[in-house]
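Labels A, B, C, D and E are assigned to the chains in the order they are written; within every chain, residues are numbered from 1.
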């Protein structure tokens, strides 16, 4: 089975190539067969491999496909390495990816560029798989940039709208900034280790660096730069909300479930380096905490259904970063998996709603959909519950609770991080249920044209189940103490010990989290169902309005970057459009012409002045003879 | 005659040369220019004779004869050309002959 | 002898193409295509006929030496090593594409056009092959005149200005190189008593630091202008944008590479000390070029001009890498030469296609072509991505290796160069945005690529992917000669350089020799 | 002898100045003859009597007469004198004269600075000596002089030919108008 | 005059007799073709007679002349050039309404004068050769009397040439006054004692430079050049540009080498200034010029500047470089003016840019030839001009005249601009709708076409395979003691 490892990324690539080459000529049914089928087979292979992996429990499977190149000892290969961490990721990618592909065949059925869409999607899945399977950082970088490309292409899928194109460019450019930092990190790593092979680096790093070494810090920070860019974390988060310009399945797959968590993967993958640089690791946590708050508050104020989800994604990835930062590696990955389930679910539901409402995305124009779209309502409710971490029944509760717990009780945890996480959880459940109430309750404002078909509802239901039961593979100590997941990751990611003094009171904090979560639901209920006038009153308060606008604009980051970087750059570039250096050469030419005109006037055709020329020459020569 | 006047004679040649030169510069009439050049050539011939005298050699005088020949040939061609120009341009003003410039 | 034939074939083909116009109007292009393809086959034969890694002994695969002006020690020396071979392959490949691209575009004076095209290629081939400095200069100049005509006769509206500028810049710098060549010649002559332009013998010249510095600047002048490096780049946008498509391809794909090739072949081995001294400044120039070119590219509205400025930016990597003095960087440089030749050539091809269809190069008047011409869109996308350095495409390998190498030499400059990658993204995506995205400004039909155009572009796509995914054959071919150029830098404390000629077996006059 | 030299030199200079300042061409030519004669005297004092004769015969005789012929042919009249006056305004001659003065000053400085080492008295080089040299070593020179004169004559013949058989209609009209 | 003397002067004698013969033939029967044939045959005969002299080491005819390898080469060069010019002249003058026959006498005499210049070793022969050349040129330049420009050019040249001759003569008189001898080796012997030149001698040399500089048309004695080039008939212009300058340059080299003027920094300074000024003035003046003949005139000024660079190098290599450059320059200039002559008709010469517009489309071969000539002037490879420029640069670099060499390079670049401008005009697409108002109607003869073809081939041959010419120059100069000494 492990020899088929290469098939996992290769199949989607093959699909993409087929779709590019023959996309124009094949019927849609065949196109969707290629598009979905390639990912489906890939998922199948993954699952089979997963079974084998679980059965054999090896440290890793590895397969070198070919040596990419070899220059003076720099020998990266196209080689795949699968261990528990990658296993989790490829499972999510192929399986959730498959579901979303399936969903997309219905969602995109009316699109003219059907083939282009699936080609890009397949290409994305392939690149993402390469990213997580790569055994060296250069190959990882290939996947890393490849998913960026696909993200770009899919955000700008509806290219005729200029705004979509700009959103796509924004996404690509901002993530590229992070990538650049990462690339520099790779140079540094190569200089220090002479290789970019991940396993070699991880095993050599402790010998090369003592804990807290400057080199480790530098590398960790640079890698963090890449992670922050890709995962939409502070300060490079601004692209993700705009990325919602793409079709909803894209948002679900790329901008919620998989690509944006690449940063999480990278940090988890390079955990040794981060552990050697505690400062960097702390920064990861701080970034996560800050992002989850900022994005959460922004999500509170959005009206666009997908934008709320986008901010929520940023916020949830903030949790993952927080987990990684405090050293709760497996908790972060666990949350990644659960988040992939419920966020994909939410997006797909949103997609179904949007499709049903003629591409209406504004929640203010929705409402009352509970009756007209029951399946969507229930699945959405499950997803929302999981996002809001409703206690006990949802998977989100278990994963998030673990993070909150380690943020406080982990080795690197502290009260501030915990408080931020808790506040974030509160806000999360407010905006989640604001969304639910605005969309499904109240009077219907837009007519539902075509209810979702089977191809749409099946993925929803499957994902909803996963969002409910996914959490039960990892239960807290005082709650059955099931540690299947972290045990699986044990060989790859270091385990975390909770501080003993707090461990006894763990139930207290779980209770607190549950209360906060439910409290959030209640607040949303209060404002949007029970007494909407409260909201009106709030909206008359100047401070609140300003705050609302500030959050709505994503804490002004867009405006800040616009004024700080974009505008000056465009201004400078346009100022220098004619190339200032060129004018130097033009000036030279002008000077020569000037001399020409001057000298030409001496050639005035008058004989006497020519004689004069000779006399001047004579004087010159005699003077030189005399005085020199 | 002493050597001092040898220098004086050379100086005389120089002065005549310069006078011819001034004349070329200030005259617009082409004939005058030609005459002035003759003065200069004559001055050069005088210089040769002075030099020949100084070294008691006939070579200076021979050069003078050559110069004389050359002056004659030049004047003849020059005058023929001047006639031609007068027919073409109806003037002897050298400044007027400036169709070509730049 | 095969080397000589390559050049002769092109030159003769050019003359024949010119004359053939009288017999039949389409004959010239067939002759041109045939000549170039034959050369391409010859080059491929040389490449495949040689074991890939001829490491160890001499990097020279073929040598040919005929006395030319013995009084001056000028010999007609052609020699081929891996570097030259790669450059030749690129030359003939792009040359063939240039013929194909002109198939319909050139309607006036087509005989003379192909004459010029083939002679440019002949000049370039000569530059890549010759190991006699006089002959090098000779070929260096030979390629300019036909190029001048290509721009000046078949170019766009402002062609005369562009052609002048191109010519004056390259000539001025070339003459400085000539001075340096002469200087080297006389210094070597006075040291050894042997007056020769033979590259292998001149390598042994010992120079005092001042002389080395001055001579190096002479060489640099030519190469930096050709490359081009900011601030000597200002001929390039005009020349590239005004040239006909074939001309742009050759300019961007090949002519710029002669500068890079010159740096590798001459500046590095001849003046190790001076080059080491100058390296930080050269790298700085490279970084400035990367960033400056990127900013300018961003602001252009003329598609060809935009692509031209991207060349400025990309060539910054070349000089950055050359002066990093390590194998990674130099391999990166070689890759960059090839990948940039393909990717920028392809972008010019696409600009040419668009111009043929729309009669404008202004990207403000384009947009929304994705649906009208999806094939063109995909191909454009691939090369735009190549230009911004997407992994999996040839440019990435080039840029990454270059940066890895330059990082070893200078951290901060590498950081700034890497920032150039972000700027590359900014301008590259602008191409996609303006041409293929946004609402279509016109309702005019835009036919998608036809079979001939696909024949031109698809090989480029395949090659750029091949370069990106399996560049090893290229790297192996280049390795021996790169190590050769680097020899002087391996042990900087050792003054005297290794004798190159000693390793090359004596070659009989006019008789070629293949090493195993 | 020396006095004669100085007087002749003074006459030569003065008459030459008169040549270059006259408006009337005939007057100027007369002064030119005087100047040439004075130079001839100088030649005599320098011990070159043969040259003195040649100077008078060829310069003062032949060349000046040739010029006078041409002036006659061109039919110079009073207007021309007037015009000459206009042409010779101070604004025209001051600049060139100054330039020439600079040149003369330099030349004079050099010429007076020359220090001939020879001190013996002047020895005349008579016609015989000149003749011997002329037809001895300088024979080829004489032949070249012949060629020179031939060139001059052919040239003058070609250029000076009056357009009896001028073909160009346009030019005929022009010369008729003149 | 011994028999040997006659033998060694055979080329000159042939020319003299040819001139006389033509005069006699004219007296008997005016026929352009016959006269032309006689001229051509005499040039060929004179050229062939040189082969008798080739083996000669050095032969002096005291005190005036010396015949050595250097002289033989230069005479051969000038005879060949004159022959080519006469070939081009036939077609040009055939369509003129002027009497054509005297032209050939004057052409032969002028060539003779130039030949005398390069074999002279005495002031007298120098002066006489120069004057034979000049006097013949006066008439040649204004040969087409009905053209006002021709007359104007003639009188300008006459006055200025006589004026500069006066300087030359005065300078020679001063040199004679201070040395007491007029042969070159005598002067060299007299000077050998001086470490620094006495003022009088220096002034004499200075004034001679004026006379010679005028003929070479170097700055600041260059101002006649454009007007004369423009006014003179195209073949005559070619002659002025080549043979006349070549003879004077040959003389300059011989004289300067003999007296070893390179020892004296003052003289070097003067020549350096002249060289640099010539390069700049020539090129800058030509920059925006619209008249092709004037462009060539200005370019010739700068080319003389380039030649002076090699001259100032002062080595044997420098002399070889000058000679080589001169050959290339002769081929090119004759070719360029040949094209102009070919395109001219009896009313005016083809000298305006408009006359060349779209020439490539009208007369592709002529345009190609002219392009080759211009590229050679610009010093582009595959042409003789390139090798020439290379040689000159090599000579400059060899003696480390960095300033001059740098100036040369800079000026080559400036020069490129206007050469290319002419080429660009030729390559322009002609406007089919509007024909130029005045279209020249030249008559083309096989002689001119053939000459042009020969010149173009020669240009490329020398450019691609300079070995033969270099070999020839080196072997012929090998026996000349003054050259070998350095």
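Assorted remarks:
Following the convention adopted for this analysis, a residue touches a chain if its C-beta (ideal position, glycine included) is under 8 Å from a C-beta of that chain, and two chains touch if they have at least 3 such contacts.
Composition by chain, UniProt nomenclature: A = NADH-quinone oxidoreductase subunit L; B = NADH-quinone oxidoreductase subunit K; C = NADH-quinone oxidoreductase subunit M; D = NADH-quinone oxidoreductase subunit J; E = NADH-quinone oxidoreductase subunit N.
Just so we're clear, the structure is a prediction, and the values are computed from it rather than from any experiment.
The fewest steps needed to get from chain A to chain E, moving only between touching chains, is 1. Of all chains, the one whose CA centroid is most distant from that of chain A is D. When chain centres are taken as C-alpha averages, the shortest distance to the whole-protein C-alpha average belongs to C. In terms of C-beta pairs in contact, A-C outnumbers the other of A-C and C-E. Chain centres here are Cα averages; for chain D and chain E they lie 30 Å apart. Averaging Cα coordinates per chain places chain B and chain E 26 Å apart. Per-chain CA centroids place chain B at a distance of 5 Å from chain D. Averaging Cα coordinates per chain places chain A and chain D 101 Å apart. Chain A has residues 600, 603, 605, 607-608, 611-612, 615-616, 618, 622, 625-626 in contact with two or more other chains. Multi-chain contact residues of chain B (touching two or more other chains): 10, 17, 20-21, 24-28, 33-34, 50, 52, 54-55, 57, 59-60, 62, 66, 70, 73-74, 77, 81-82, 84, 94, 97-102.
Among all residues of chain D, those that touch two or more other chains are 96, 99-100, 103, 107, 110-111, 114, 138, 141, 145, 148, 151-152, 155-159. Taken pair by pair, the chains that touch are A-B, A-C, A-D, A-E, B-D, B-E, C-E, D-E. Note for the complex: chain B touches chain D at residues 1-3, 5-12, 14-23, 25-29, 31-32, 34-36, 38-39, 42, 46, 49-50, 52-62, 64-66, 68-77, 79-84, 86-87, 90, 92-93. Of all residues in chain A, those touching chain E in their complex are 592-593, 595-597, 599-600, 602-603, 605, 607, 609-611, 613-614, 616-618, 620-622, 624-626, 628. Of all residues in chain C, those touching chain E in their complex are 68-72, 108-109, 134, 137-139, 141-142, 144-145, 148-149, 152-153, 160, 163-164, 167-168, 171-172, 175-176, 178-179, 182-183, 185-186.
Listing the residues of chain E that touch chain B in their complex gives 123-124, 127-128, 131, 134-135, 138-139, 142, 145-146, 148-149, 151-156, 158-159, 162-163, 165-166, 169-170, 172-174, 176-177, 180, 182, 226-227, 230-231, 289, 291, 294.
Across the interface of their complex, chain D is touched by residues 1, 16, 19, 23, 61-65, 97, 99, 102, 105-106, 109-110, 112-113, 116, 124-125, 128-129, 131-132, 135-136, 138-140, 142-143, 145-146, 154, 177-178, 198-200, 203 of chain E.
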